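One chain, chain A, links the two complexes that follow: it is found with chain B in the first and with chain C in the second.
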Partner chain A sequence: MSQEKHMESRIKYLFFPKSVAVIGASRSPGKIGHEILRNIVEYGFKGRVYPVNPRADKILELKCYKSILEVPDEVDLAVISIPAKFVPAVLEECGKKGVKAAAIISSGFKEVGNVELEERIVEIARKYGIRFIGPNIFGVYSAPSKLNATFGPTEVLAGKIAFITQSGALGIALMGWTIFAGIGLSAVVSLGNKADVDEADLLKYFVNDEHTKVVLIYMEGLNNGRRFMEAAMHCSLKKPIIVIKAGRSERGARAVASHTGSLAGSDVFYDVAFKQCGVLRALNVEEAFDWARAFTELPEPKGDNVVIITNGGGIGVMATDACSDYGLNLMELPRDLIEEFKKCMPPFGSPKNPVDLTGQAAYDEYSRALKVAFSDDRIHSIILLFCQTAVVDPPKLSEVISDIVREYKHCKPIVACYIGGEECQKAMRILEQNGIPAYPTPERAVSSLAAIYRWAKWKKKMLKKLKGK
Partner chain B sequence: MTMTPRELIEHALKEGRTWLYEHEAKMLCSLYGIPVAKSRVAKSKEEALKIASEIGYPVVLKIVSPDVLHKSDVGGVIVNIKSEEELVKAYDRMMSSVKEKKPDARIKGVLVQEMVPQATEVIIGGIRDPQFGPAVMFGLGGIFVEIFRDVSFRIAPIDEEDAWEMIHEIKGFQILKGYRGTTPADIEALVDAIVKTSNMLTENSEIDQLDLNPVFVFEKGVKVIDARVILRK
Partner chain C sequence: MSQEKHMESRIKYLFFPKSVAVIGASRSPGKIGHEILRNIVEYGFKGRVYPVNPRADKILELKCYKSILEVPDEVDLAVISIPAKFVPAVLEECGKKGVKAAAIISSGFKEVGNVELEERIVEIARKYGIRFIGPNIFGVYSAPSKLNATFGPTEVLAGKIAFITQSGALGIALMGWTIFAGIGLSAVVSLGNKADVDEADLLKYFVNDEHTKVVLIYMEGLNNGRRFMEAAMHCSLKKPIIVIKAGRSERGARAVASHTGSLAGSDVFYDVAFKQCGVLRALNVEEAFDWARAFTELPEPKGDNVVIITNGGGIGVMATDACSDYGLNLMELPRDLIEEFKKCMPPFGSPKNPVDLTGQAAYDEYSRALKVAFSDDRIHSIILLFCQTAVVDPPKLSEVISDIVREYKHCKPIVACYIGGEECQKAMRILEQNGIPAYPTPERAVSSLAAIYRWAKWKKKMLKKLKGK
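For the complex of A and B:
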């Protein structure tokens, strides 16, 4: 194995360590060194845990070691939460111990101008072949190994979205928010100063991680744009990458001697670089997770034809507008399909696309229309809309819809939007649990389906290009 | 005398310039197969007359000075010169204007250029970003780029398909395609010029920024009318 491959292979120990040492583990609740250890223990990490603290014998019922060198076991991952100035010495010990990966939580490096100190830890890590995230981070979470080595919330939901964040506070906050929103994560990585591991390294890892279906990145800036593009291109061919890039309004501090220079704000390059390597840029957190949820659950569409099924004209028109805004192709229904849809609705319904089942539509109308849409090969994607009415119990509708989608083995992308009261919230949760992404507005549902189309289109184009070469 | 791109750039840097003279920039374009307006440098009025008669009137005169990057600002560009008499007058007017507006400017000569018939104006640009390296830009000339900033970018290198997308991406694309009876512009030639600009940027790491502005797009073919190349110090 080449040196480079060897270093790359060590990144997996951030997510699948057999043993973890928490250096700077603390007895005092509220201290970072305590909360990380508590999260590791309470979340039920599958491997072995070793707190390291020279002034404690036991923390959270675990035997404590004076130094990592005293741990009578191999240590794969070291989580380091001690004052910055002690980090080099401790990292040196980690190296001697044969630690493979580290999460350096400590702050007080480059972010406050301590460039030299940061360079020193990079040097030490290189010397011993340790790969590390940070410094200046909140930790790492890995769903399959049940590792929550963060000082974020404890009960993170396991899922298929790998979330990489450059921002600490926002990252922790979003971890909490995903729990509230019922969104599952396969991994969370806090990047901090990116002294060693950066976005490109992680993309190279997640592209082959069977637990991850989509990568979501909160980014402020890259250290090496070209390297990111290469890794992103490679990853996007297999898995979608969604990026929230903050600092859109920022203008590059460039000496402008040309017209071209005056037209190129620094954000322009991020924007086109993303486009060129298939990265989907979300404008905000909500959009990013909306898309990620869709990618987690839905198959790739086999064609461009989208059909809207609704019980309300207004919401149907809004979805139609959104389709036009996001470049989705509302299918012109052929005669025979119009006849089929006509059978699913009262005489005053509209069998054209959007298929309007009318406000009196209930379980039977929805299930028949949905079956038509699923069984006909000319229809490739479905947008299902529902405005709450008294004739339908929303959770029950969700059960009916889920049964049909299951019956057709999730063979086509379907997104849903319910508008109404609390019952609709509950009902949408049921859809989510059954692998149908649901959204509170038609625009968000359409935008999410459109993201899937954008990615599929890029991939098709790129594969064709690569084949031609 | 034919120089390689490397020689052209090194020559300028050796002279202490961080930019290429217009004729050097155009030579660079030519070396990459991008068509440019016919032009030659004259060291005297007599030589200018000779070159003009060879190129054919009308012609354009542009000042050549290591101290003048923005030629129009010092009266260093005079267009549509139709005869020898006009050229003599234009030459004298330009010299006195440059001397008045920039007294210490060293004048190396004048560039005599063919007057190219009006066509659809576009701009092809290049820039080097510290993060992503070389990138190319495309836009329609005039108010489209000045006011609407209607341009598209790509990180270089790019291929024909990318260039084609860049052209189609701008809002003013319809103008190139032809509208209300105007003739459509030669998109294929434009694609070719953009790809070659991308090659120029990726193969010459000394180029920091460049403007081919304007580039005229005809029904058949394109021509670079003015070119500016800024080098890295």
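For the complex of A and C:
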């Protein structure tokens, strides 16, 4: 293995360590060195855990070591949460111990002007072949190994979205939000100062990580645009990348400079670069996670023809407008399909696209229309809309819809939007549990389906280009 | 009083009837004529209620009448839910009875091609001076008189937003959603075919309705653009109007035609017309209600200077970008204010705008920064951001913030965004209960504040123009 490959291969120890040392583990609840250890233990990490603290014998029932050198076992990952000035010496010990990867939580480096101190830890890490994230981070989470080495929330839901964040506070807050919103994550990486591991390294890793279906990045600035683009291009051909690039505006770029010290750079440059390498740019976190949820569940569409099925004309019109805004192709239904859809609705329904089953529609009407849409090969994607009415129990409708989507083996992308009260919110969760992304507005459903189309089209074009070479 | 004024004055009986007759009241739960009566009774209407049904003696414990003519009392409002063909005769009876306003729920008129039948009921209503909404509607709701004459949800929350909708299914579904989202309404009007009462009539009414602070309209098309513009211009000078105009796209306009039969018309025309008369155009329902919530709570800003207060750099950058997108002026803080804000944060915080209190900030830091922002006259509006951290209990933060806003008598517009888990959602509700609109993303908070600025600026310009005449 080349040195480069060797260094790349060590990234995986951030996510799949057999053993973790928490250097700076603390007995005091509320302290970061305590919270991280507790999260690792409580979340149920599958490997071995070694707290390191020269002034403690036991923390959280675990034997504590004075130094990492005393740990009577190999250590794959070191989580370091000690004052900045002690980090070089500790990292030196990690190197001697043969540690493969580290998460340097400590702050007090480049972000406060201590450039030299940061350079020293990079040197030490290079010398020993340690790959590290940070410094100035909240940690790392990995769903498949049940590792929550962060001082963020404990109850993170396992899923298929890898979330990389340059902002710490926002990252932790969003971890909490994903729990509330029922969104699952395969990994969370806090990047902080990016002294060693950066977005490009992680893309190279996640492209081959079987637990990750989509990568979502909150980014303020890149140190090496070319490296990122190469990694992103490579990754995008296999898995979608969604980026929220903050500091778009002139004033925002100044705010970035005083936040992470990154150069936000020309926004036009980022825009062009992202488009070139297939990166999907989201304008805010809501949009980013909306898209990510769609990517984790839905197959690629086999063609451009989209059909809207609704029980409300108004919501159908709004979805139609959104399709136009986002460049989706609402199919002009051929006569035979119009006849088929006509059979699913009362006489005053509209069998054109949007297919309006009317407010009288219940389970049977939705079932039949969905079956038409799934079974006909000329229809490639489905937008399913529902306005709460007295004739339908929304959770039951979700069960009915889920059964049909399962019957047709999730063979076409389908996104849903329910508008209504509490019961509709529950019902949307049921859809999501059954692999059907659901959204509170038609626009957000359409935007998510459109993201899938955008990625699929980029990929097709790019593969053609690569073949041509 | 002129005939026109007289007809206008009758609109109020839709919202403040002393007595209501439900013609077509039914004993069978699930039937529209039953559900409307039940909603009127259960929601606690303050006036008298008379069910009318020739084949029943009592419905829901209320004495039932064979015809409205038999009701031994004046009837202000008739809610009519009977087959279309019987509506003319019944309306004739209403006229004889001296009914002042009607809600014609029944469908089967112009929307299915029965133009003549619709024209007949218009004639009858004109003859007797009855003003009516519909036909083809779900009813009318009025918070102050506790009248829920709809077959929508019962538990509607009283508030200050008047909601007018051309789409029935969407309207009912959104009523349900407002309950879930904790949004209060002063009135809901289903417009349906708009054979008599239309948006212009309602704007003329709501402009003087003390219970309404903002009017929100879901619109597919206008029959009389000039009338609407006149009424909107007049209303906008006093109260903001938010419109979701569906059928923006060519395809959407076609969907509108097969839904309500309205001519969606040139979207550019609507856009120009709206701008001219101060109407704020929202692109979707989420945005519309976001803005409406801000308008119901916040005062008008006294100037352009906006300050962002945050505990997270990333969320601050996103809000900064959004301010730029929405044309808000992030104040360049003068030296003395920078010094003031510096006192509210640790040394590594950023006292520039966005004012970044850092992730260590708790109640005290937020309090002090908020006090600076409220007490200095050079600052006109506040965007308050919070990323959930371990050092703050979000509901408690909301209490602290609410106390300060109250102390300063809500004298400046303030919008908030919390990002985090369940506790943050609860905490945002607390803010809202205290008159501080809160949003799940910084962009939505900024967009709502920007709507207030847009309206205030239009008004200022228009008043100047009117004075000049």
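By our rule, the second predicted complex is superposed on the first by the 454 of 469 C-alpha atoms of A that agree within 3 Å, B and C clash if a C-alpha of one lies under 4 Å from a C-alpha of the other, contacts with A are read in each partner's own complex, and residues count from 1 in each chain.
Throughout what follows, a residue touches a chain if its C-beta (ideal position, glycine included) is under 8 Å from a C-beta of that chain, and two chains touch if they have at least 3 such contacts.
Everything numeric in this text was worked out from a predicted model, so none of it was measured.
Peer 1: Applying the document's definition of touch, where does A:F348 land relative to chain B and chain C: first, second, both, or neither?
Peer 2: second
Peer 1: So, A:Q276: does it touch chain B (first), chain C (second), both, or neither?
Peer 2: In the superposition, A:Q276 touches chain B alone.
Peer 1: Figure out whether A:R226 sits in contact with chain B (first) or chain C (second), or with both, or with neither.
Peer 2: first
Peer 1: So, A:K465: does it touch chain B (first), chain C (second), both, or neither?
Peer 2: In the superposition, A:K465 contacts chain B only.
Peer 1: If we overlay the two complexes on their shared chain A, which of chain B and chain C does A:S266 touch? Say first, second, both or neither.
Peer 2: After superposition on chain A, A:S266 lies in contact with chain B alone.
Peer 1: With both structures superposed, pick whichever of chain B and chain C touches the larger number of chain A residues.
Peer 2: Of chain B and chain C, C contacts more residues of chain A.
Peer 1: With both complexes superposed on chain A, which partner does A:P301 reach: first (chain B), second (chain C), both or neither?
Peer 2: After superposing on A, A:P301 lies clear of both chain B and chain C.
Peer 1: Looking at chain A, which of its residues have contacts with both chain B and chain C?
Peer 2: Touching chain B in the first complex and chain C in the second, residues 252, 258-260 of chain A appear in both lists.
Peer 1: If we count contacts the way the header does, which residues on chain C are in touch with chain A in the complex?
Peer 2: 30, 35, 111-112, 151, 153, 165-174, 176-177, 179-180, 218, 220, 244, 246-252, 255-256, 258-260, 283-286, 311-318, 320-325, 330, 348, 350, 352, 354, 356, 359, 387-390, 419-422, 424-425, 440-444
Peer 1: Can you name the residues of chain B that touch chain A in the complex?
Peer 2: 19, 69, 123, 125-127, 129, 131-133, 135, 137, 139, 145, 149, 151-155, 159, 161-162, 208-211, 213, 228, 230
Peer 1: For the complex, give me every residue of chain A touching chain B.
Peer 2: Residues of chain A touching chain B: 221-222, 224-226, 229, 252, 257-261, 263-264, 266, 268-273, 276, 461, 465.
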